[in-house]
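Labels A, B, C and D are assigned to the chains in the order they are written; within every chain, residues are numbered from 1.
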């Protein structure tokens, strides 16, 4: 089957999730990837949305982080303060799955402003749950389309801390979780170098090229000594993803 | 401390006139669910000014208040149109000062949730594991750090949020003014308990709250000042058990709000010229 | 952090043998309601020693554990027989060291509730407005004070409680091991979430939890290690929706427990010689 | 009607409560007084028990602080941490109603130990919710039988702070609530002197005498310049109290 780069990205992200993960799910691409994983190889994955819906199993993708579908399918729904205190800060989440507007070579994320904070060129939505998701989940996966505008050498504003200036910067701040261990784009996969913590390309999606990734990355991006080729989406994966997206679109048309 | 207040049943114009004043710090809460749009529209119609608006997710409701010039300052943690994109009126105010400049006090969700909880709990501040490594602490002087007296760990501290008035929407109230909230309950209980005054709009008033569980989320009538019957008052957001979220309107808002004149025309027609029983957006 | 554990269904002897060890810090919670007596009796039968027992209201359940010599230390806030009077075994241990001395770490209810909540919330400590003017702070070095970084107010600080194992009783579990608790919910959720391991005894296992509300108090199966079917396992306390509190037994306990020999005879007959399906006290 | 001193005490305590009070209720005598008030002149009084039962309207007196009757008749039941954080510490309680083992001339309460803390003569149950009730409620009422053993010059252990050593001691500790503004005994009523904060007898129950109160108080107790005579329980009060107590006794016999 033919597939788009965006489909490749979502499928690659879904593959990174395990059946026994407890996942704190961002809205949009992260939510699509997490629910795709649930429909494929991770039927028992626990999805928690910051609206307090614990164990949500939405039949269609929610538009917002608190769509009725989430509460109606959740095991239980708790208050937002409890969500952040007992469930996120309590250390119960294995993977935090985030989207981002900008990411830099050390996995720091900006979703606050382009330009200066006081007089921004672009005012972005802001932090939401991301700052604490980035430091309190066991590890963090980031999903973000690969463009030169979003892959910047240094973010204008650190909304969510990745590896700071690299090396043991997390540890020096007293952060004991793994941080952004995987970045999934529409061109490939990046992981932090074990020592320097610089994001390194470890896999290139079928159809993408080294040159393209170089061009779309705002710094001189490094490649792992052995770069893998991401297998293309198979028929099962594509059918599940398209079924999910199709259901969601039909549902959106018929709302209210 | 004296005895207690007891909730009064008021019309929407009465409740807003009585409990929301120019210059107040106002929290309208509801985390994607039960957002008190009808009350916000009445605030716009009554022309309140210089408000400090507090809300985790400003959403369309504050985009409208900001675009209509009601707000001087915004305390928030995520200012987008959920699942759609930007809040154009919020961005216009921050980026270009239109219709007036907007001061920002910016937090993370965890920060603002803890600050509301501290307000409800009568504490001057909250501590939590937050803001580590971010630039938010540098941008917001109300984010500080202290050391755990037992472990020495560095913990974030933020002052409690204590609105002058909190406004929430709920499923129903009984005739005594006790209120049920269920589904995605967000920070509504905390916002109400943290505030000096509280206004609750409800889908309906009933003889019996029909509490399904002894642990249902209930606001006793002595924690609320005014109850307003406002069926559909959360549209275009939703009320679990009553009506769904109008995702189509959320998507449509992107185009309505992008341009100042289109926005003003829409607000004139759907809010200013409409009465308190109108429901602008949602079900439309 | 790896993935999650998932609750296993075990027999009561298996669950206690596997998850409760000599020297552990053990919290058995339930605030007058849903007190896990059946599990405590199994701990006594298995002869655990040197436990640090944590519980807001030690109640008859800890009077029995203390009198049988299982405990080295008690962390608590109110040690009485509710509505009746003294806990004689607790008093005998504190006043006369029988059957062995008992170290005390003493709090107020507010203190211990906040400490559990801090444990559940992954914080090293909790702050609250507490202990002002009392001698408890002098008697317990784990009560300290710090200043609010915004107002300078002096606030009490206590370290989080993090039991090695928490044991609670609940109404029911579904076949996947998700647990419902309702009625007076006490600090059970906090005790389970704060602990390294958790054992839950339930009245029944069902296909469907029959949750009355989206906001029902549920412990997901990945927050619990073992589920044990133990109908009547809270007797002589009670299980909302299942059976009432045996106030007669609570009153009778005063005479049973006042004398060491009477107590030992009662424990031998009703606990030691009985099997895990027995329910000593309550309904008898 | 004839009545006992204990009945006089409970009735006098009930009279002190108002219809619009929000009352944090201790078990035993305080609970009896609060529910009697609810049956008489304060039908809308809000009773909160530390088990998290908010707005409880028990038909019979609970034996424990968390009897089924409380949850079954409450408007809502919340967790114990929430009870202490949002409802007590949140400043929502007008009156905290406490019992006590010992009270001293400045209204300090001991329910922890007789003798020294490390080697007590009598180990009492301990604090429960009382320390924070004593400082966080608008005011505190104490109900305690009047004996020389319980009315001591200085308590062995301050479990709940009253006025400390008197004067502005509360204010010096940063406590802004009124403290123990009323002590109800089976002989009379005591209130703190406005300046010194020493407990002063302001009313003597019908049938009790000045001499008796002197004898049963462990310090040289002062009397207000104008001491009132507490009106005896009237027929309505006695009937309500005896009905409540009778129902409770019959219910206790038939439990389980």
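Convention: contacts are C-beta pairs under 8 Å (C-beta built on N, C-alpha and C of every residue); 3 or more make two chains touch, one makes a residue touch a chain.
These numbers were taken from a predicted model, which means no experiment stands behind them.
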Separation of chain B from chain D, taking each centre as the mean of its C-alpha atoms, in whole Å: 40
Chain centre separation in whole Å, for chain D relative to chain A (CA means): 56
Multi-chain contact sites of chain B, meaning residues that touch two or more partners: 117, 121-123, 128-129, 153, 183, 185, 189-190, 214-217, 240
Touching two or more other chains - residue numbers and ranges from chain A: 71, 77-78, 85, 89, 136
Arrangement of touching chains [line / ring / star / complete / other]: other
Chain pairs in mutual contact under the definition given at the outset: A-B, A-C, B-C, B-D, C-D
Chain D contact footprint on chain B (complex, rising order): 1-4, 6, 117, 120-123, 178, 189-190, 193, 211, 214-218, 220, 222-223
Complex contact set, residues of chain D against chain B: 18-22, 46, 54-55, 71-72, 74-78, 85-86, 89-94, 136-139, 177
Chain A residues touching chain B - in the complex, by the definition given at the top: 27-28, 50-53, 62-68, 70-71, 77-81, 83-85, 88-89, 112, 117, 120-123, 125-132, 135-136, 157-161, 164, 169-170, 173-175, 252-253, 255-256
Residue ranges of chain C in contact with chain B within the complex: 121-125, 127-129, 142, 144-146, 148-151, 153, 155, 157, 159, 182-183, 185, 212-217, 240
Chain B to chain A touching residues, read off their complex: 31-33, 56-57, 76-80, 82-84, 86-87, 90-91, 94-95, 106-110, 113-114, 116-117, 128-136, 139, 153-154, 183-187, 189-190, 238, 240, 243-248, 250-251, 282-283
